[in-house]
Amino acid sequence: MNSPTATLLISCPDRQGLVAKIANFIYANGGNIIHADQHTDFDGNWFLMRLEWQLDGFNLPREFIAPAFNSIAQPLEANWQLHFSDEVPRIAIWVSKQDHCLLDLLWRQQAKEFIAEIPLIISNHPNLEAIAKQFDIDYHYIQVTKDRKAEAEAEQLELLKQYQIDLVVLAKYMQIVSAEFIAKFPQIINIHHSFLPAFVGANPYQQACDRGVKIIGATGHYVTPELDAGPIIEQDVVRVTHRDDVTDMIRKGKDLERIVLARAVRLHLRNRVLVYSDRTVVFD
Amino acid sequence: MNSPTATLLISCPDRQGLVAKIANFIYANGGNIIHADQHTDFDGNWFLMRLEWQLDGFNLPREFIAPAFNSIAQPLEANWQLHFSDEVPRIAIWVSKQDHCLLDLLWRQQAKEFIAEIPLIISNHPNLEAIAKQFDIDYHYIQVTKDRKAEAEAEQLELLKQYQIDLVVLAKYMQIVSAEFIAKFPQIINIHHSFLPAFVGANPYQQACDRGVKIIGATGHYVTPELDAGPIIEQDVVRVTHRDDVTDMIRKGKDLERIVLARAVRLHLRNRVLVYSDRTVVFD
Amino acid sequence: MNSPTATLLISCPDRQGLVAKIANFIYANGGNIIHADQHTDFDGNWFLMRLEWQLDGFNLPREFIAPAFNSIAQPLEANWQLHFSDEVPRIAIWVSKQDHCLLDLLWRQQAKEFIAEIPLIISNHPNLEAIAKQFDIDYHYIQVTKDRKAEAEAEQLELLKQYQIDLVVLAKYMQIVSAEFIAKFPQIINIHHSFLPAFVGANPYQQACDRGVKIIGATGHYVTPELDAGPIIEQDVVRVTHRDDVTDMIRKGKDLERIVLARAVRLHLRNRVLVYSDRTVVFD
Amino acid sequence: MNSPTATLLISCPDRQGLVAKIANFIYANGGNIIHADQHTDFDGNWFLMRLEWQLDGFNLPREFIAPAFNSIAQPLEANWQLHFSDEVPRIAIWVSKQDHCLLDLLWRQQAKEFIAEIPLIISNHPNLEAIAKQFDIDYHYIQVTKDRKAEAEAEQLELLKQYQIDLVVLAKYMQIVSAEFIAKFPQIINIHHSFLPAFVGANPYQQACDRGVKIIGATGHYVTPELDAGPIIEQDVVRVTHRDDVTDMIRKGKDLERIVLARAVRLHLRNRVLVYSDRTVVFD
């Protein structure tokens, strides 16, 4: 299992023979499939598949896989991505003042739960620089105000390029990322609280507490221009009672946020998530 | 444990000595407390308590307990209720076309999970009459249309009186109950689906499915004039994946609805729920 | 989606090209795959796959599919099963005195959550005959004592043949099924309580209560000669507190048992479960 | 809510008037109760109560509360403890080689989720010293082998005295603590994995994986001489599937262990746990 693998994520209009066609491509080149999972959305007539195979013994050199597969994919009008397990993705974590999600991600990366490098932390506050130092990660404090929002996003984008970042994780980054920014750098995962029922407006934990909810939740999702409405990767909940005041709810919510965000990031990094029409298929 | 008990549910502005005052009332009359639970809402400066004690050996005759306690409660500006465990409450179940919650409640009552009588089923459709017959319960089909809404509610209210109903359970009753009706008969429990995030408008399961949610929920609550916003008694959730189509979600949702509704009804019947300022304290 | 489908469940020693080989078989015969899922157990070097495809437009007549696939499967030393979605399996439910699992299964079958016929209920007690009558199902009371255990099992087996039963569901059947019986009729699903930690011996709920456990569970599994150790299909848990006495635990346990058993039966009936070396893969 | 409070945890044989007697003691001295919860174990005829009240305005000086209450408690043959919220308990964390529970506890203490000091880490391995340094905590490496077990425990006990430790938390400390040690220092909380069913012997995660369990659990409990059988404070579970190999199970298990241990420690530190006859009542 420790030999490098290639992973293909593919989606296209449904038609006969897709599984066979794609599996044949691997087999014809001597590949050993270690994971194949497929889903068909019948309402949308859409086919989605994840295939992972060992590169050892595969006859196609790595750089020829994409061009070779492209000749299969094009007639199918397919969207597809190819990933190699030994190409380690680079993450930038964006934070504001809260440290729970940041610390959790750093700890998991150290514990090798994620195969990823984290060379960069960006914040709109200077508060968490000490943590960055402790983990020997560059920390860039970029002030974000109404006046200099565009300027700040330009600086952020420049840093992502400079550090060759593949994925941005908003680990309780309390600023809205503009549609323009997302257009230029779309690989962004966010975590936010969720409630049953939902609460609109300021201080949702206080609203949830006042309303006496019995369950609070958290959602890890890709970021889209429409706020908190991007494709959902992972969700979970925790029970609360009247004994929990707002402080307790926030504490329980934090625990949930760090676990749900970590799961979402891990699913993404293992190339388990396929997005289509504002939703995801999670092949796990 | 099988001797009859009295239960006091009380709430009032917080002040010193409330636990002692109330417990003393029981003790002074020779009562043996079998459950005492208390909660203080510090934001609202509000005290809430549930006390249950055995009637065997209690020196006050049953009919004198309320007047005696009233003299304690009045100076405290307290709201309070007194219940006796051997006075069996009478439930009317209201349904439309779906039978899952109805059957579940009937089965649990037969299995003695609820101590309650269910002499009456009201529906705005004739469909479920066979079930009523099977369980030997009166079934009243009352058509509800825009034109005769007020008329229908008058008939419903008349039936509740006639059958001496203490609690109405809306077991997937797909009509809105008017504010006027609730004012006249406020003891109503409802079940409804909940989602993370919430979905407004028609066909929420389809919306949830299209959005790729990973969790669906259900909420059991008291009915207030503001739709689906009454005090929450119980909530729970179940996981879904992209493998679940709308039909699967509805099926999982039904399982959840019947369990959450049953829990909410049972908590109410055991006098475990205290409502204040649009929320509940559940002493369980 | 309502056209009939064929489902292939296959497992064999892992080797290159299995996904391609099997998918090609479907594709070559003009089949449209609607579900393909695969798992490789690397420790055991074992390949497992589920494939479902639409029979409409499939070029092979139904009766030729098995022979045709056999010529592919044999060289692979594969175990495999073929199921058609319009061949409705027949279930016998075995009970003792408790009715909660029985009623739940009957209700779900009526609600079409299961595509199955339930023509037969067998019990070692006469108690639940009224339910059988109510649902118009044959009820056979077969006394089981030490002396006539073999005789009883012969009668049970005879009934299964007579009613052409495909699956036995032990819905709180409180007798041990002998290894000899299982050898002759291996398709049996059972439900039993589970605890953290486990409790050996009589009255496990009392033991769990005495021990102050905070969680109780239930396990739905295939029956093997080793008691309660067969391949696990589904498990779930529910929280309990010190407020729950033994009666409460049993009540919560019953709720869990009926849901977990129903899920296990449904997974089996949808041909989602593959057993290998005393464990299952659940393709769901 | 930020004024200091006193908390009384009391248990004794059940009899009439206990709630009144104890509440009166607080009231007579001008105390404002902010939490009162009571439980009666009817099988064991045992009464248990937790009472918390504000010290501001309480007429008894702190040092006289215990003697005064003792005169009430003695005739009741009660066990009781008195805690003050501003007397910060001191914790020693014991570890072996795994750091996930240690890091989690340290992070939560920094985040003020626990009101406690952590001046001491003891380990039977030198591995985690760097973490201790990073958090500026003394780290004592005490080798534990069969030969020097008694000697090692003497050293450990000496350290607990020297650092004035109130609570030992075994955060994946992989050595058995002797009955002699526990007799001398009984306040020890441990975390261990739990499975449905349970697995005895080495490498339980491998056994659970081989068995195809669908759920794994963790239990936080007080340590007693009988291994892993002490009073349970908190438990929780997480779902696993055939997709999870042993590594995944261990990873999910770690997440669970740190959360369940943190909850157990927090409940203990907030004086929410009462132990009686090998089980707990958790007033939360």
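So that you can tell them apart, the chains are marked A, B, C and D in the order they are listed, and the count of residues begins at 1 in each.
By definition in this document, contacts are C-beta pairs under 8 Å (C-beta built on N, C-alpha and C of every residue); 3 or more make two chains touch, one makes a residue touch a chain.
Here the structure is a predicted model, which means the values were calculated and not measured.
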Chain whose average C-alpha position is farthest from chain A's own: B
Chain B and chain C, separation of their C-alpha mean positions in angstrom: 36
Centroid spacing, where centroids are CA-atom means, of chain A and chain B in whole angstrom: 41
Contacts with two or more other chains, residues of chain B listed in rising order: 42, 243
Contact graph of the chains (line, ring, star, complete, other): complete
Residues of chain C defined as touching chain D within the complex: 39, 41-43, 194-198, 210-215, 217, 219, 228-229, 231-232, 234-237, 241-243, 245, 277-282
Contact set on chain D toward chain A in their complex: 99-100, 103, 107, 111, 113, 134, 243, 251, 255, 259, 284
Chain C-facing residues of chain A, complex: 1, 16-21, 23-24, 26-28, 30-38, 40, 42, 239
